[in-house]
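Next, two complexes with subunit A in common: one pairs it with subunit B, the other with subunit C.
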Partner chain A sequence: MTVDYNALFDLSQVYDNWRLLVSGALMTISIALTATILAGILGIVMSMLLSSRRRWVAVATRGYVEVIRGTPLLIQMYILYYGLPALGIVLSGFWAAVIALGVNSAAYVGEISRGAIGSIDRAQRESGFAVGMSTFTTYRRIVLPQAFPVALPSLVGEVIDIVKWSSLATVIAVPEVTQIVYQIVSQSFRGFAILFLLLAGFYFTLTWSLSIMSRALESRLTSYRAR
Partner chain B sequence: MTQTPVFEPYWFADENGNFQGMDFDLLVEVNKILDIPETRYSTVPWAGVLPALQTGKSDFTPEAIAVTEVRRETFAFSFPEGDNSIMIMTRPDTDIKSPEDLAGKTVGIETGSAGEAAALRLSEENKAAGKEPLSLKSYQHNVDIFLDLGNRRIDALLMNIAPISSYMKKHPGIFYNAGLVGEPLYAAWVFRKEDMGGPGCIGVEVNKALYELRKNGTIKKLQLKWFEREMELPDYDTWVSVK
Partner chain C sequence: MLNLNFTPVIDSLDQLLWAATVTLVLGWIGMVVAITVGVVGAALSQMPGRFYRPAVQAFVDIYRGTPLLVQILLFFFVPAALQIDLSPYFVGALAIGLYYGAYIIEILRGAYEAVPRGQIEAARSLGIPALNIFIRIRLPQALAIVISPIAGQFARLQKATSLLSVIGVAELTLRGQFIMTRTYSPIETWLVIAGIYLAMYLVIITGAIWLERRLSVGRR
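Moving on to the complex of A and B:
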């Protein structure tokens, strides 16, 4: 068969719809940003709960982490959006997406942070206490500054995942950029090759800048090692 | 064949996952005439059906698709087998009684559907007339739109008559139909334009079979079986398959 390249790469579809595309991109960014903040807060709480001395707290948190990690995000979004109304809770598409992404990511952030803090030698903490620092100060001035650069690449990996997985919100009727592209393409199917390439390029630009920033930040944070 | 089996009663899957519907029965008849022993199917969301056809992943789409002018720019259509106009479905508690009442309302549509096209057109017309446009919400599956109408996230939905009628029949008394939108649309199978090129092309052969099936009354019989009414069809001799 012959493929009509002019139709597949019809650029007018991009020009005619640029406002829609920008609104979709902004929606994607706001979902990702809000979900990242949620994942950060929940993740820190999670890492503290995971290393709790009360056994049942640690066990319950572990159970939560396993369930979240062991079920597909797509299904979680679907349950939040289409399932919860059966219990009388009607979330908007935006919040269903943010909560699903944030809660999902928090399970990983909790594990990453717990691992990073655990990787810092016990003696570091003890020397903090030995010079008379409180637990809070010891964590703030000694443990976390060393643990953060360890965790950073994995944490940024989580943010990158949030950005990419936000495209799943298409199934719960959120007008983020992937859905906008579907919408533009699906009426006439003109320009779908160019639009999907642009879409991939958009996600890549976003995630690539995140990893560049992450590497720059990491080398700054660990520059003390070279000194 | 690439398809989405959620378009009752034209094309859908029963509880056991077997394809059913007027299109399925019609396809069986067409295959008999054209001597095609077997058809293979793959299932994708509706927004993926026509790209699969366009990129050669499927031979044609055996689902009744509303024939719209925008789609005619890219695709060829077989002889229509029925009608497929766009209807408004809402809940009795909204004040929506006609297309005019949709101004400013949240309306659910399936991505890539003729309902979406009708909603976009209505929205533009409203804007031009100084009225409020429609606030549109796009879904990947039409089943989800019914759910959200029930969940009160949307005030109304725009979809083809066929799935709305089936859904309302299965859930009587909950929903309300607020009439048709836009001009009447026909339902037909979709082909790549090149496959309607001339004798021997699959689209042309299928059209020949459909012509025969209309003449011997099979299409009418299937309309009555699946829709319990006879649907008006255009004159096949003057029908333009490729624009």
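Moving on to the complex of A and C:
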């Protein structure tokens, strides 16, 4: 049997399935967006716990972070999706994916934020207190505006990772874009090459524009240093 | 509410240990590929001329900009579509190695350029031959700062071998799916498997800390 190379590049598969493909792309974006928000919120909590003055809180949080980092995301998704129903908690594939991605990323975000805040000179904080600012105001007006540009590249790296690893939701039956392409391709190889090019191109466009935006934002936020 | 029964999963322990061995071996092969890609890529990007550096950069950007799962599926489907018979074990380890190789290229490049120029110039003015400058001055310092980020990639790579279950590689995660369907105890199965992965992770991290301490003797 010979290989029909033309069939691999058959565009009709894209035309015939374009609605499915677009819905998959939107699903990927909504998983990534929801997981990013979750990672942001949990990450702030994590960074506060990690720098807690109570030693056991910091140690327990560190242990938790290592367990999250030390196990594959895929297994975490399986625990949430297949494991929790045994305990009476049923999650849809979408939420299992979002929670796994968010919790996973928060373990890294906590570390990044703590590092960035720690990199700001202590004297900055003390000066804030000295002129009578509250803790909240000191953080909002002095510490965070300086810490944020430090953390920004790593934080955007986390968002890029969330976008890429949202593709794992395929295995817990979430109809996101990788799953859609996988299903179309496994029926026949017709249009296979073009579909995979589109799929990779879709992810690349997302991650590439994220990193470009990150660089632009970073130079805006740090423009005060040049002055 | 929490009523866990690990007996059925523990009964399959021999299967789990065998699958864990497959996972470990896949991780090692993947890491050998990744380091090879990393060294070759980093060396190529130091070559003179206008071709190599942008070519390596394009490789790194494309590999890091697309999901590993998509790359694994592509590596799996391309030979199938072209009717070439390749083992998913081989294809899978290669795909994972290339992906993490792209990250290692960046790490090595950064470390190589991190050695202060003054040291290289000092060595040159002392008349030390170029090869010796590389082996005795550049390499030891670059190695010491490279250990921890490379170990981080190794830990990620080891976890990522779980994705190979999708293309039918009988490693730990795929074995877990069999055990889960047979024993009907999903939570116990996945907790045990998560524990095995965690143990592998801790070994890598501890090993890296030990190695880093040994290699940075010169800085103490």
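The rule we apply is simple: the second predicted complex is superposed on the first by the 224 of 227 C-alpha atoms of A that agree within 3 Å, B and C clash if a C-alpha of one lies under 4 Å from a C-alpha of the other, contacts with A are read in each partner's own complex, and residues count from 1 in each chain.
Assume a residue touches a chain if its C-beta (ideal position, glycine included) is under 8 Å from a C-beta of that chain, and two chains touch if they have at least 3 such contacts.
Given the structure is predicted, the values throughout are model-derived calculations rather than measurements.
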{"item": "Superposition on subunit A - do subunit B and subunit C clash or fit", "value": "clash"}
{"item": "First, second, both or neither for A:185, with subunit B first and subunit C second", "value": "both"}
{"item": "Partner with the higher number of touched subunit A residues, subunit C or subunit B", "value": "C"}
{"item": "Touching partner for A:207 - first (subunit B), second (subunit C), both, neither", "value": "second"}
{"item": "Which of subunit B and subunit C A:108 touches, first, second, both or neither", "value": "neither"}
{"item": "Subunit B versus subunit C as contact partner of A:175, first or second or both or neither", "value": "first"}
{"item": "Partner chain(s) touched by A:90 [first = subunit B, second = subunit C, both, neither]", "value": "first"}
{"item": "Subunit B/subunit C common contact set on subunit A", "value": "1, 3, 8, 82, 85, 170-171, 182, 185, 189, 192"}
{"item": "Residues of subunit C touching subunit A in the complex", "value": "1-2, 61-62, 64-70, 73-74, 77, 80-83, 155, 159-160, 162-163, 165-166, 173, 176, 180, 185-187, 190-191, 193-194, 197-198, 201-202, 205"}
{"item": "Subunit A to subunit C touching residues, read off their complex", "value": "1, 3, 8, 66-67, 69-76, 78-79, 82-88, 160, 164-168, 170-171, 178, 182, 185, 189, 192-193, 196, 199-200, 203-204, 207-208"}
{"item": "Contacting residues of subunit B [partner subunit A, same complex]", "value": "46-47, 50-51, 54-56, 70-71, 73-75, 108, 111-112, 116-117, 120, 137-141, 144, 147-148, 151-153, 192, 194"}
{"item": "Interface residues, subunit A side, partner subunit B - complex", "value": "1-4, 7-8, 82, 85, 90, 92-93, 170-171, 173, 175, 179, 182-183, 185-190, 192"}
